[in-house]
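Alright, structures below, take your time with them.
What follows is a pair of complexes built around chain A, which joins chain B in one and chain C in the other.
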Partner chain A sequence: MIFRFGGDQSAFDPHGPIARSIATHGWWLLLVCIAVYFIVMTAFFIALARRRRETDDLPETSARLTRNVGIAVALTVLILIGIATSSVVAGRGLYSPSGAGAITVDVVGHQWWWDFQYHDITPSDVFTSPNELHIPVGVPVVLKAMSTDVIHSFWVPNLMGKRDLIPGIVTNTWIQADEPGVYRGQCAEFCGHQHAHMALQVVAEPMDKFQQWVRHQREPASEPSTDEEKRGKDVFMQSPCVTCHSIRGTDAGSHVGPELTHVGSRLTLAAGTLPNARGHLAGWIVNSQSIKPGNRMPPNALAPDDLQALLAYVRSLQ
Partner chain B sequence: MSRRRVFVVAFCAVSLVAAACEREIRPFQTLAVASARTQKPVLSPLFPGGQPLPEPNESPFQQNAYGTAEGKRLFDQFNCTGCHSHGGGGMGPALMDDTWIYGSEPANIFESIVEGRPNGMPAWRNKIADQQVWQLVAYIQSMSGNEPIDVLPSRSDHMRYSTPENARRAQTPVQTHAP
Partner chain C sequence: MSDFVHPIERRMAFTLTSEERLRRQLADTWYVPRGIVGWFSVADHKTIGRRYIITAFGFFIFAGILAGLMRIQLAVPNNHFVGPDLYNQIFTVHGTMMMFLFAVPVMEAMGVYLVPLMIGTRNIAFPRLNAFSYYVYLFGGVMLVATMLLNTAPDVGWFSYVPLAGPDYTPGKRADFWAQMITFTEVAALAVSVELVTTIFKTRAPGMSLNRMPLFVWSMLVTAFMVIFAMPTVVLCSTFLLLDRTVGTQFYNPAEGGDALLWQHLFWFFGHPEVYIIFVPALGIVSSIISAFTWRPIFGYPAMVMSLVATGFIGFGLWVHHMFATGLPALGLEYFTAASIVIAIPTGIQIFCWIASLWRGRPRFHTPLLFVLGFFAIFVLGGLSGVTLASVPFDLQVHDSYYVVAHFHYVLLGGAVFPLIGGIYFWFPKMTGRMMDDRLGKVNFWLFFIGFNVTFFPMHILGLEGMPRRIYTYPDSMGWGTLNLVSSLGALLLVLGGVLFVYNVVRSYAWGLVASDNPWGAETLEWATSSPPPVYNFLHIPVVEGRSALWNRSPDASVVTGIRSDVREVLLTDVMDAEPVTVTEYPEPSIWPFLCAVVTSAFFVGSIFTPWALPVAIPPLAVTLIGWFWPKKRDHAREMEEHAGDGTVPPEGRLRALREARA
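Here is the complex of A and B:
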């Protein structure tokens, strides 16, 4: 894996100030360690090859050797202090944004998905975007991380370092992307059965496109337009879907599972497990346990035409 | 001790440990399929074409630590606590005592949730999936200690509100009404 330097989930391909300082720090650490390794190994092999000499037992030689060992120890301590300082500086960067945050987003960890809640002074403008964090390019975004069940860890390798989400405690971090793009993140603290499938997408876009996305997300769900979609809405409201999921603008208002108001416009399903396509959605609704065993969504044995109608409605929630 | 006796003791110890693993089994797929019921209200005792197949009266989630723990989570998340509190009762009856108005068998509890009961219990048919109802049934049984001790929850994810289920005294069910 270490040889895969690029990609949308790689700490070796930084696209933000925190990731860059961590990468720089990492490379320096590697260089220093390689240099120290070769120096120590060279000294070791010289010592192996060297024969004893008569002058070895003289007091001057002994004094010189003591001085050399002293210098080596001092150098080691200095290098270690240097590494420690550099580590602390790189680590501190994770907690103190460079400048005031443009926006604040709550990151809420659930088994096994992410919820991003966008703050606003007007309560009706607060909205959530499950598993997909949209950020404007070039400005720091403050993240308040929390968890509803167990400890998770928020990690987007291209943009920032890891930050733990701890139940009952709000931890702060920030994120900034310098170029537009889609970056993949991943839970970095083992959190149960589907920890490996607890991924997220960070979509970094220019400020005007980001604002447009925010305005769209604030809107309630679109009304079903065709007969099939209307029937699908009825199926949704009369089946167990409604007990866990919410769709703003309808009677569905539960917050046990992810919100579905604009689910049709998302990139992935099931926390980055599947691309957002009709077939995947059907499989997920009917028997999600075969895709992500142990996840919290129960299987739903819907009649075929009910399922098709439901798919049409959920896909229409753009 | 002879070698044979050492072998027998070791074999028994390993078997005991292996038997204890049962409670943690989580065959998610099989559990889900085996727990489904046909969700149709029975309106008449007459059935065309003879009697239908009997409905399962319990599910693999009963006497299973995973099912009980999931039920405990859902009990909070579906706001059962709103009426029943954490088992002590409030607007709704207490669930951690020995009194069972409509029966203490898993099938009775399932019916109480799915069909609803007079004086306030809503019917959750088509609102909670069968698998989740069975998980709730498992947890509700555990509240009064009517599950094996190794299955009962020993802790809560949130602030502690009462004695852990596995430290409560098991209540012998008493039914106050004819079912």
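Here is the complex of A and C:
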């Protein structure tokens, strides 16, 4: 395209077949509409500025005007039929997967984070990846859209349009990236207090790297190796953390909040709110309410030593 | 004049000329009561209409201030001016108030004020219901303002999607206030619509057949019908919500077999016609202003009328384009794409006819016309962005993004508020007897026009760059900061324009040039009477001889006679041709509609807290309704007198006289 709109979430910066098809259609749509706008405005200014004549009130003038209005209406109808046709053609196959995808991922909306659940026939190979959707490059991935609380909307503008996540209703859609990269997405349906901080990352990788990632995700959490990490694990198990979060391979098994088995390897914290760095993690654990007011995680008044140990442990969950 | 003279008139014929005598008697009969009780008893459509308009502009200013707060919050990334809790309340109340308490009521208010004058009758039909509707609307609006000031306002968006607005995710009373505010305003809107339909169908001046009705009246008729068919749906769905929240029904709870999508269908089945309910009256205003400032009738009247009516019908077939992302079957979505695109045709026809009108006429660039020209530049763009939104694939990218925010401000502010402000400049002399300052008006227009575009145009680009709606802040790294700042600075110009408008209204009301009956030389009947009109509107009900009531009037135009002036008697005509049919009597002013509105409002507010409000409210409601409909003692006496044959004739006989007078 001639020029791009800036920013990470531009609909006109497509990196997948769906977004590309929409962007091409969108450009035509905008160009046609801009052209129509300028034609109508030109007629409008001519109507205002033209020199008035004695013949203006004659019936012949009226007849000519009627004819011109008729032509304008006919052109409008033709353009609209063109737009409708182009829309239907561009939309074909965009909304639901045309064939079997390489993999199927459940997209589950929560107030205010995302859970991506990777299916497998072996139950022990099923795993979840909160707020980070990993997909292999160049193949369609089927997404099953659902929600456990209110309505959210899954939207990654570089790759695809929106799909609402509606409680009580499961719908299928699909996503595909053509180039490796990290694509940002964001909840697009107002879902309460922290709607603004409900982002996600789509990580598109070549198939072999993706499979490597999947194998790693299936493994339980790594055991703490240093004394500090061991102490951190004890802190985790004895503090309120354990009431909401799960870490596979440990006793922590609650699914209220995001799973933390491999939290250390993720790009962001708190649904794209913060980069995943030690300082941010500390701030988040101690008082997440100052960062994302209204979120469901309570503040944790930990002793400084305990906090450092906990940070070491959580960071070690690679 | 007919040879029929009422005996009371005959008795009074001492010294006054008959005109002066009639004037005094009509003023006596159609009196507007005074005093505090009187203030709450008024049933005159002009007084109620004026109060409606002023109240609606009050809410407009309040909601506008909220918009200003949003623009401050979004001006820079990661702003902490307001937090998420307050921001969510602010955008919810802004949207709710603009839609339900400003845009719809102010358009209906214009109808309440202008329609009886434009069609040549003495008052709106069901005048007491009209007063009742105003107070119910006022109380509902005040309730919403109060919740905002008490920091307990609804915070789930003007669309209140479930389950977010349900009992599980919005505990407390915030969503209940929203649901009941809907009930308040919809009761008011439905009442006004019934009045308008009746007024337009049954009380037009003789000769004003349907094909001679002014386009503004047509637009109000279409709007009123749309309200009657659309609003019950939203009352239904908001009442379901209230029941879910207060008595434990499960309409919207998927866990108990309810359906979250049911809300969206019901809400948008109302919500999409709603935007046409706001926009169609504005089309009527545009037509009125263009014809007055080009001194030509609007080009293509039949096409204009058909377009209005078509808009009214098609407007009900588009609601799913608000739900393209929900995952409904693709074939169904494409039907709604087609329907959404089709509605551009009647709108296009009207735009082309107006351009033809401007082409043929000799435009005089006073403030009202400037606002209409601004409407063209803004609305055509908004309409075209609306066409892009009808395309499912494109919509999936821009849905719920700032592109949509830009689009609907272009069609609602540009499509409805610009004509409305133009309409205020246009009809201000009729309503107050004084002209608004044209020089200030032009400054006002340019502030609005430039401010509007600077504020809202960048939002198109923000939406295409992926900025979603309803977020209270955004990270610096998204690159949305500059355009948001530009938008916020534009809002400053809009505020200045708003202040100037209010200043101009106040100043002109006090010191404006005194207006003649028809200062613009316009064509419709409201300009035939004095500025401001007398309480009884017209000394003689006119007989209409053409589509442009005043321009087509012959010098010896006949007027209707035989209508009693000692009681509030009104001529009823038939629906198609406005042939006189009979007369009816409108009720006197009464305090009961106000009391009934107080009880109704107490019931609505009470039902937020307990379902027992309903049984408790029934007895006082019954009392006020009995008071409201209590028959007058005089009625019986008059009936006897009319049939006694003591020089008077029964209504049928008088109407014969009437028809003769026309012939």
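By definition in this document, the second predicted complex is superposed on the first by the 278 of 318 C-alpha atoms of A that agree within 3 Å, B and C clash if a C-alpha of one lies under 4 Å from a C-alpha of the other, contacts with A are read in each partner's own complex, and residues count from 1 in each chain.
Keep in mind that, in the parts below, a contact is a pair of C-beta atoms (placed from the backbone, for glycine too) under 8 Å apart; a residue touches a chain by one contact, two chains touch by 3 or more.
What you are looking at is a predicted structure, and each value in this text was computed from that prediction instead of being measured.
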Ask   = Quick one: chain B or chain C, who's touching more of chain A?
value = C
Request  = Answer with first, second, both or neither: which of chain B and chain C does A:12 touch in the superposed model?
outcome  = second
Ask   = Is A:301 in contact with chain B, with chain C, with both, or with neither (first, second, both, neither)?
value = first
Inquiry  = Quick one: is A:243 in contact with chain B, with chain C, with both, or with neither? Answer first, second, both or neither.
reply    = first
Query = Taking the superposition as given, does A:234 touch the first partner, chain B, the second, chain C, both, or neither?
reply = neither
Task = In the overlay, answer first, second, both or neither for which of chain B and chain C A:256 touches.
result = first
Ask   = Just chain B (first), just chain C (second), both, or neither: which does A:47 touch?
value = second
Ask   = Between chain B (first) and chain C (second), which does A:162 come into contact with in this model arrangement: first, second, both, or neither?
value = second
Request  = Using the touch definition from the top, say if A:293 reaches chain B (first), chain C (second), both or neither.
outcome  = both
Message = Identify the residues of chain A that lie in both the chain B contact region and the chain C contact region.
response = 149, 167, 193, 293-294
Note = Within their complex, chain A touches chain B through residues 149, 167, 193, 238-240, 242-244, 256, 287, 289-290, 293-294, 298-301
Inquiry  = For a test of understanding, state which residues of chain A touch chain C in their complex under the given definition.
reply    = 5-12, 19, 21-23, 25-26, 29-30, 33-34, 36-37, 40-41, 43-44, 46-48, 50, 52, 56-57, 61-62, 65-66, 68-69, 72-73, 76-77, 80, 83-84, 86-88, 90-91, 94-96, 111, 145, 149-151, 153, 155, 157, 160-164, 166-169, 171-173, 186-196, 293-294
Request  = Going by the contact rule at the top, pick out the chain C residues touching chain A in the complex.
outcome  = 83-85, 88, 156-157, 161, 163-164, 168-170, 254-255, 258-261, 296, 299-300, 303, 325-327, 330, 333-334, 337-338, 341-342, 344-345, 348-349, 351-353, 355-356, 358-360, 362-363, 373, 376-377, 380-381, 384-385, 387-388, 390-401, 461, 464-474, 477-480
Chain A partner contacts - residues on chain B that touch it in the complex = 26, 28-29, 32-33, 36, 77-78, 126-132, 157
